[in-house]
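First subunit A sits with subunit B, and in the next complex the same chain sits with subunit C.
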Partner chain A sequence: MSWIAIKMLTGDRAKYLGIVAGIAFAALLIAQQASIAIGLLMRTTSHIQDIADADIWVMDPNIQFIDELKPLTENDLYRVRGVPGVAWAVRFYKGQGRLKLDIGGDKKKAKYQQSVVFGIDDAALVGAPREIVLGKLADLRRPDAVMIDENGYRYVWPNEPLALGRELEMNDRRVVIVGICKASETFNTFPIFYCQYHQAIRYVPQERKVMSAMLVGVEPGEDAEEVCRRIQEQTALRPAKPGDPARPGLKAMTNQQFIDSTLMYFVRRTGIVVNFGITVSLGFFVGCAVAGQTFYSFTLENLRQFGSLKAMGLTNRRIVGMVLTQALLAGFIGYGLGVGGAALFGKAMTSSGSRLAFLMPWQVLAATAAAIFVIVLVASLVSVIKVLVLEPAVVFRG
Partner chain B sequence: MTVQSIAPATAASLARAVVCRGVTKDFGEGDTRVQALRGVNLDVLGGEMTLLVGESGCGKTTLISIVAGLLDPTAGEVTVLGQSLRGLRGRRLVQFRGQHIGFVFQQYNLLPALTAAENAAVPLIIAGRKRAEAVAKARTVLEAVGLASKVNSLPSQLSGGQQQRVAIARALVHEPKLLVCDEPTAALDAHSGQTVMQLLRRVAVQPGRAVIVVTHDNRVFGYGDRIVHMSDGAIERVEERTVAFSS
Partner chain C sequence: MFNRFGKFVLPLFALGMLGFAVYHVMQAYQKPPKPQPPMEPARTPFSLAVAGAGIIEARSQNIALGSALPGVVLKVWSPEELGLPAQPGRTPWEALIGRHVKQGDPLFRVDDRQLKSQLAFHRANLKSAEAQLAKLDQMPRPEELTVSKAKEEVAQASMELQRDVAERDAKLIGSGSVNEEQYQQHRLSLRVAQRQLAQAKADMALVKAGSWEPDKAIARAAVELAKAQVLQDQTDIDRAVARAPMDGMVLQVNVRPGEFVGANPGQSLVVLGAITDCVNVRVDIDEHDIPRYRPGAPGMASFRGAPDQQYPLTFVRVEPYVIPKRSLTGDNTERVDTRVLQAIYSLKTEGKPVYVGQQLDVFLDVSEGANKPVAPPESTGR
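Presenting the complex of A and B:
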């Protein structure tokens, strides 16, 4: 009976297209908004993702996400280097620099811009950007040398060609751009500067402690999570005085754990999920309403035909199967069109140079499929009930 | 899907294909209760066409709904093809209808998206026959009702009379022992109505098959072997006729 069900559905073009359009709209809205929300959230972790050299991040025990790094002491570095399984551990600095863009020019026209400054290991340049667009990584060893990310460069100097040798002021100190690199889009859109660690700490106001975090590599064959546990355990301090609680060790997280922790922080502390969740819910309910109403109307128009089929010996079970076949077919096509449309939208926007945050992992597709499945079930449920309670004798009422 | 055969009809039972005894049917309860049938006794013989006639609201449709197993009587006994309908419930009753009863409706009730051949094949599809096989059989029945050239037409491409002929083909394709027709000519002009009745006489009325036609169209009374006049939920009189009809 499936082919009859499908012919019944597709034979009524207007209703069929109405149902499919309703579902496609819902799928589009759900997938698109979820992808934007995920894209936006993933930007909060772009710094962690871009620093791929290290296996482990070591930080103050109270750190929840990358933008609240609290300085560590030099002693901490040596303690971590002594933990079994640690192959190497290097200093890492992350802070903010205030740029003055018209060095030597008219002060009244000076332009200021906040930026993110990464100080990477002086010797091995661990933590350096992975893809250099212009210049050489080794040039970071030159005096006052910094490397800027391409997005940041275009943000600061829109419509200007990429060029090396530009001089700027960062926190009243001269810096020279010696390289332009790729970096993932960030949440706050600030330009990102990479420089040597010793140089980065000169740009910021002097504090007692300046090392934001440590980047750690693990010995071959060692499990990174186990090494994290060891670092936390072996950097714990005895109580300051008897009776006091033990002071926790440094927080050590693998890259993925740090990404998850940062994501969870933004999920908990910002309205991103709630705001996008409202739009996604709206798509869901609009989809339910449009698809449900159209599908119900389609069923009502075919009630006499369903009654005839019941009279001719079609069981309720097979009628439910027919209605579900119709709903699932409409759902499948609508889902394909909707997520396809969302993917095309994302591709078009990101290809056109827009800074839209858009990331559509398989989980978005799966969640959208689940939502559409619920929509078609809800849409068909009302219709199924109507058909099931239909007395076949209705076919004899002219 | 295979359908288990229910109550194969015997030669004796086919002589009286339908037997109704003391059948009553009430709708509603209390002050709103309406008695649609009042103790109806009726015998329908195989190989004959029985017309149920009477004014609107006299209980004709209620009676054939009960005979076809679409409605339960409030009281009384209904035996169809030797099988008491009281003993059939749920899925078994649905199967019995699908196997042994053919339906022709006033409004044809064809599926608009299916071709004539596919529409006529529906009872066989319901019975679990393969699509190609069912459609092939439906084509032969459509040829028998004079629609060989319309097998691939959609209902919207057919006239009312042609649609009713497709409905008759659909009702006969699974070779039922009982054919129930509800006002088959009501939606047709006089000429088409006569054509449909002639067709029913020629194709449907066969030894071993009973045909019940509900109608209030007195122009077609001449096609019935037996005319059951109903009034106010009861059988007023039964008129037996010798049909001088030739195909």
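Presenting the complex of A and C:
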């Protein structure tokens, strides 16, 4: 019986392609827009993803996301080092510095550029860039040395070849570029400067406390989340009133927890999700309308055939099964074309060097599948009612 | 033709596209393996540890020598003047750095020229006072005695002459050959001569007696005063020389001839420290960690820049006074963050790149069973 259903579906070329195209378009729109939204949101966490050699981030308890790091006292470093399960803990500095591009030049003509400054531990260089395009990591130990990320370099000096040795100025201090490295695309597009901790704190006007966060490595065999809990417990402050729970002294999060926390901040506090959500739902509704309408008219056209089948004694259940088979086949083809198209789009965009944010996790595939399933279900249901209430005699009245 | 396309090719193509999408997703999920830090950071070597920042100091602590007197520096002693091997081609103040000096060795001298001239002046004063006293001690002068004696003999002779005349007149007055007036005159002359003899005798006695005792006491006091002044000058001249208060190594010389040094506190002109086969490490323990710390806990230290090498520390003592921590960010404006307990540990120097003032990352073992019996602080060290 399914074979007849498929034959019926593919028999009407225009309608068949129409349904598939409608669903494919809906799937493409939903998958592609969702992937762009996720890609854009993930960029807010690119710094955390790049600093992959640390297991745990330790920060002030009020921190919600990477860009609002509140400085800690240097002593906290030693307190965290004393927590069981902590293999090592190092200083980390993240700040925004103003870069003066023309060192020693005319003050009025000098160009300024906001930039992100990372201060990594002087000795261990935890958090150092992994992929170095030009220069050596060891050069970071030279006086006034910084590494800039490749995207930042191209942003600051467009259409110029990558070159080392450029001298710049930050907070009235000399900066020499000794290396160019790769870093993930960021949300705010500022160039990223990597340098030693003791230099970084001079490149940004100082506050009383300077250490932005601590990067912690976990002893082998220890659970990172358990170590996080221990850090928070051991650094907790005395309760404000007797009987209250202890107040948190420091916040410790695993890399993944910090990524999630940062993502949630942007989801809650920005319109990214709402804006893209509107486009995604538009895709959903357009898909519903196009597929539903085409499928409905297809069913109407085939009403005679359904009537004759009914007259031959086919039960309603078999009829519904036939309609669902047709809908699911069309849905599957459309879905495959749509998500495949979205993936192709993403691949083409990211490999061509465009700065488009695109990240397609499996959840996008699943959610798109669910949406397409709902679309074909709605479309087939509207049509199947017509078939179910059909009097078989109608066919012969013609 | 279309039939086949619609029935087989399109679904297969869609399947292929879906496959590509799944592959794309899988690719996006492939995370690079977790990288290791470029250099292993300082690791906690103990299961339960208190961590702190340590700074190396001399076993005697670092002694910042000052100058007792303000003034311009005239001289810095060179090692060869102190009996140490010479280092040719170096200025004395450079050659002195890193050398072991002994207690009492002079290190530098501030301007004492005025003190020296004052000493000469006061020495002359002393000589004058001493001469004055010697003069008084040697009185009477023999020549004066002779004169007095002669004067006495003259008076005696004169008295005898007058007496002879007066006696003769007394015999002759009865005969009338001497008149009354002459007799009276010769009698009075005898009395004058007698008084003159008495005067001459008294003069003789005065000269013979020599100087008066109170005068000598004054002269002696003047000598003492002058001596005290000389001694004061000598002390001041000695104070102009800064000397090593103990055996130790010259860690730093901040003084060069021609520079002015004041007597204000906190100026470390020469830094001295006892460096033997071991140095002390002053470990800052955060006040929050004090309850977890047990005095006597063994420790490990690693140098900044070489976190992979760790060296054992031996407990020396705990400073019983919790002090405000000086933030060791290397900034010259030092900020007070919290208070810290300072524990002193000992580190063997042999074969290690150890310098006084160097910072260390220190871990102290506070796990159960690590609490070895610790000798009382008096016997473990200084």
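Couple of notes before you dig in:
Throughout what follows, the second predicted complex is superposed on the first by the 383 of 398 C-alpha atoms of A that agree within 3 Å, B and C clash if a C-alpha of one lies under 4 Å from a C-alpha of the other, contacts with A are read in each partner's own complex, and residues count from 1 in each chain.
Rule of thumb we're sticking to: a residue touches a chain if its C-beta (ideal position, glycine included) is under 8 Å from a C-beta of that chain, and two chains touch if they have at least 3 such contacts.
Since the structure is predicted, the reported quantities are computational estimates derived from the model, not experimental observations.
By the document's definition of touching, of the two partners only subunit C reaches A:343; subunit B does not.
Using the contact criterion defined above for the overlaid structures, shared-chain residue A:332 touches subunit C, although it does not reach subunit B. Look at A:87: by the touch rule set out above, it reaches subunit C but stays clear of subunit B. By the document's definition of touching, neither partner reaches A:239: not subunit B, not subunit C. After overlaying the two complexes on the shared chain, residue contacts for A:10 are found with subunit B and with subunit C alike. With both structures placed on the common chain, the touch criterion links A:124 to subunit C but leaves subunit B unconnected. Once the two structures are overlaid, the count of subunit A residues touched is higher for C than for its counterpart among subunit B and subunit C.
The contact surfaces that subunit B and subunit C form on subunit A in the two complexes overlap at residues 7, 10-11.
Against subunit A, in their complex, subunit B makes its touches with residues 61, 64-65, 68, 70-71, 91, 94-95, 97-99, 103, 105-107, 109, 111-114, 118, 122-123, 125-127, 131, 182-183, 186, 214. Within the complex, the subunit A residues that touch subunit B are 1, 3-4, 7-8, 10-12, 304-305, 307-315, 318, 391-393, 395-398. By the touch criterion stated above, subunit C contacts subunit A in their complex at residues 2-3, 6-7, 10-11, 13-25, 28-29, 32, 34-44, 47-53, 284-286, 288-289, 292, 304-307, 325, 327-331, 335, 337-338, 340, 361, 363, 366. Residues 6-7, 10-11, 13, 16, 20, 31, 52-53, 73-75, 77-82, 84, 86-90, 121-126, 128, 130, 137, 198, 201, 206, 208-210, 217, 219, 235, 329, 332-337, 339-344, 346-347, 359-362, 364-365 of subunit A touch subunit C in their complex.
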